[in-house]
């Protein structure tokens, strides 16, 4: 099996991706998840093996308890490895790393050169980036949860999630459920979804990051027509696609994300809204899953949280991916799009 | 096969065994009723630091205020029921009671110029929260099946005094959410006749009772802590002098010897005084204020200190029961009520000075 | 029932005062209690932060608050206040500090003048609660690290946005109501009801 | 010596020693009274500085209140009297006197004197009328000889 | 100089730059008590409007209702301004009296209680017999309270009149009212009374009374020693004891601003009545 898939991926790399599209009709959602997961593992292994001779870099840590310097391995060690030298609290609470005071770095992304390192958790004085990463992670996990939650008879095709906007009150994921044209989730179903979500984050998955080539990405998401359509526009700038894995779920995101799902505390899935597309778009309708969550350390009384959940029940005003002008473009990387547009 | 037989034998022997352990219990002993009522929800919450900004705290308060306003604006369900539909009162019927707060005492004068001390009871935000009809109301589940009981009273939950929902548990709030209300600080169960049942969300006012009625007041007495027999039971103590040493305030002998050489149950001894539920029966209502919902009752015998909660019912004393029909099932909110009602025997402060006629 | 004393006017303390005073254990009785408290109050004014037993600290705190509020109310040219300060402050240079440093410091504040924290108990000692008593605006570092800027924390961002949303919808509703009220039939039916609502609210 | 005295009298240790509350001024057995009518025996007793002493209070509590009948020992004789003014704290609107006053009567309720030379409380009028029964003693004669009511 | 000293002690960073020349300017501003609210002066005239300071019995709503009832009663009967030491005539409706009314004149020796429980005690000597009568201030049977002489004495309680010579508490029952000219402050009578010899009802020597003239002549050495031992000089410095006895200024101003309006109206009405009385008074004399 393994060999088969490597072979397949190689051929795919060589031949391009268009031929593979029909494949999606032959595998179920569960199989697709497993396959994607497997490709991710292989690719990760390949990238680690590529490093070859191990070089040392100097990481100067700034912050509490004291400034120190770590000698780490280039392209192998991550900020998370650095926190292992500092203590368990740092391992659990650090959500994001800041390199050289400006570059926001995933906790599980290997360091490439000597730099200074700061760690950020949710209660720092300037938490905008951490909050964004948190919100992005919540969306991504919502996608994973949506994939798992339905029965095997219901195919779930993830579409995308927009750039995180905390002020909108909810994190969202747009999902295509082709077999459910008119689905109005009952209260009980929402509760079950929420329970699935919480169950997923309680498994304490680390969020692994990988940069893959556009072709490999196409192969990973071969069963997902929406994602395959989005990949070329994402890979336009440098031919690479950033892919994250949480548990066995793999998804495209620009990043950065927080370190671990255990850092998501109180969460609830509040509503599922239906988005209907215009006549021009290829996709007729999507479901927008909405939820609200708080990080682990943040304790909010139930009344204040109920205000938040009530608000999150309303349809999120983020742009619908089915709008006529933005068909086929990836919302997650709106900034990239905009900058590209500006350049053009 | 053999093991099977052995087991059988063992069980047989076990059945033959005589149980020599005799538990000494009274014949009328029943297991204590520890189970809380089934509508009970834990109320206390561990308060945590929310790290909210001042603005956001104000916002949460604003929302609570808006909800309270909406709650106050909600019209009473009684208004929709026409007068003809309401049940007629008959002497045997039990009405719902009120939850009130004791806010102090002050004197009033009757028409003969005699000073009477009164207790002020304030009825705050009383609303009907839930009604359980008699057939559904089974307060206790017994292991041994009880003989079919003929229940004729339903259970009505009444809440009083709005509180900040963030200070109580979510479960407790849920009790009130079903009626569309914010949680209340106090919740009380009243047993009512099915005819006197009220729709949920009905507000109750002080005019539920009339001036001149007699009520029973149930409240907790003042907690006086661990007290000796002289204060607790009014014992005489022992002489201060005449050779008495070390036993000036002690109870003395507590029983005889021989067969009775033990402390008899019910012996008056030192212990915690007060903080018990007590009912004062047949308290007369002298005056009612409809604006602030205050009830003035005769005497100062209402248990508890100032600020204590008490429950008011129609009295059960046979001679002081209602003679005529009280507001049944309760007084609906009316706009044109007079501000104050006075009992006939009481001198109103607005009326001129008392003067006596020569006979 | 007693009558309130009207011969003196005092400002209200901004701290919680118990209904009755505490007796501090002392062989000299009430006089000894005052003596003890004098020492604590003097120490508090002098060092601005002290660690004491909880009961004694709580009592002394009330006296210190009263002393400062009297000093603010009457100023340093009022003989009884001066005598009072002279009695309570055992070191006489502290009288100057009270009138010339503490009074300007607290003159325009609308919170209490002192702060009290519960302190950890020493492991091997009598079972006494300990407390830290301090004047506000003292030069020492804070006992608790304050979170200076929690406006950007996620819960506050979310609530801020919710507030914005809520206010918008509220204003929209008010505007709608005003538009409705322009119709004459609506005015008559709604005006008395709102009055009733207000009445109920006051109840 | 002085020091021990101080420690003995120090207020901190006084709390358990003796009563500091105001006295009740109750009229009970062996209380000395003041005769306020002009009966001969009463006048003489007061003038000699041997005021009468209560030997019985005719009520269940054995503490005399206003209008109660008492038996007094006066100049070696047993006489009955009515309390017409008390030192004890009274209800509102009822006067409290600086002395415990008595008017001597005989068994029929007729006063021994012909004039009372101090004011007597008006409430006594109602009390004595209540106590008077058709067949028993008539105490209202006492009211007739009063000079002033307060 | 002093300024520099306290700088060394203090630790106020933000005021370091203050030049010492400005100091004398600031001092006169802080001199004397802050300007107090004039309505707070009501507390001497109507002390019963202040609630009991014991927090166990406080309740804002009850106090409000009580004040409203007191004002309602004051609408019906004119309760004048009087103090301990003033001479009053009180007429009550008395079901026991002959004409169903009863009048008593005497000096006010005590005023106590708050709210509707307020009461005062009058003392007089009638027919060489000392008498004291206690009245509820808000009793509806009180027909009229007339101030015959408005003045204060040196002490707050005049219980020592019981042990004083009887002439100090003798007032004729048909005393004429003395009218103070409008606007004059209430005079304080500096009269010092003479006590009768012992036995006394209380140990007056221990109470630091100002209104007794001849107490020293009756004291023994033991009395003096005991008095000395029982003095509590620290008590006048006990700030919290004072605090627990009073209603704080902020709460008082709330109370007085609530009742001020009606009290003002009542005062105006009383003044009108007083003016009428001065007109009618000569007529009665003529008749």
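Note that the chains take the letters A, B, C, D and E in the order they are written out, and that residue 1 is the start of every chain.
One rule holds for everything that comes next: contacts are C-beta pairs under 8 Å (C-beta built on N, C-alpha and C of every residue); 3 or more make two chains touch, one makes a residue touch a chain.
In this text, all values refer to a predicted model and were calculated from it rather than measured experimentally.
The chains touching chain A as well as chain C are B. Shared contact partners of chain B and chain E, listed by label, are C. Counting C-beta pairs in contact across C-E and across B-C gives the higher total for C-E.
Relative to the centroid of every protein C-alpha atom shown, the closest chain centre, again from C-alpha atoms, is found for C. Mean C-alpha position of chain A lies 80 Å from that of chain E.
Computed centre separation for the pair chain B/chain D is 49 angstrom, with centres defined by C-alpha atoms. The distance from the centre of chain C to the centre of chain D, with each centre set as the mean of the Cα atoms, comes to 57 Å.
Chain A and chain D have CA centres that are 100 Å apart. Within chain D, the positions touching two or more other chains are listed as 10-11, 92. Contact with two or more other chains is made by residues 56-57, 94-95, 115, 117, 136, 139, 141, 232 of chain E.
Contact of a single residue of chain C with at least two other chains is seen at positions 30-31, 147, 150, 153, 155, 159-160, 162, 166. The touching residues of chain E, when paired with chain D in their complex, are 92, 94-98, 102, 104, 119, 126-136, 139, 141, 162, 226, 229-230, 232. On the chain D side of its complex with chain E, the touching residues are 6, 9-11, 36, 85, 90-99, 101, 117-119, 122-126, 147-150.
Of all the residues in chain B, the ones that touch chain C in their complex are 50-53, 55-56, 59-60, 63, 68-69, 72-73, 203, 291-293, 333, 335.
Contact residues of chain C toward chain B in the complex are 147, 150-151, 153, 155-156, 159-160, 162-163, 166, 193, 196-197, 199-203. Note for the complex: chain E touches chain C at residues 2-3, 5-6, 9-13, 15, 27, 30-34, 36, 40, 43-44, 47-48, 50-57, 111-115, 117-118, 232, 234-235, 237-252.
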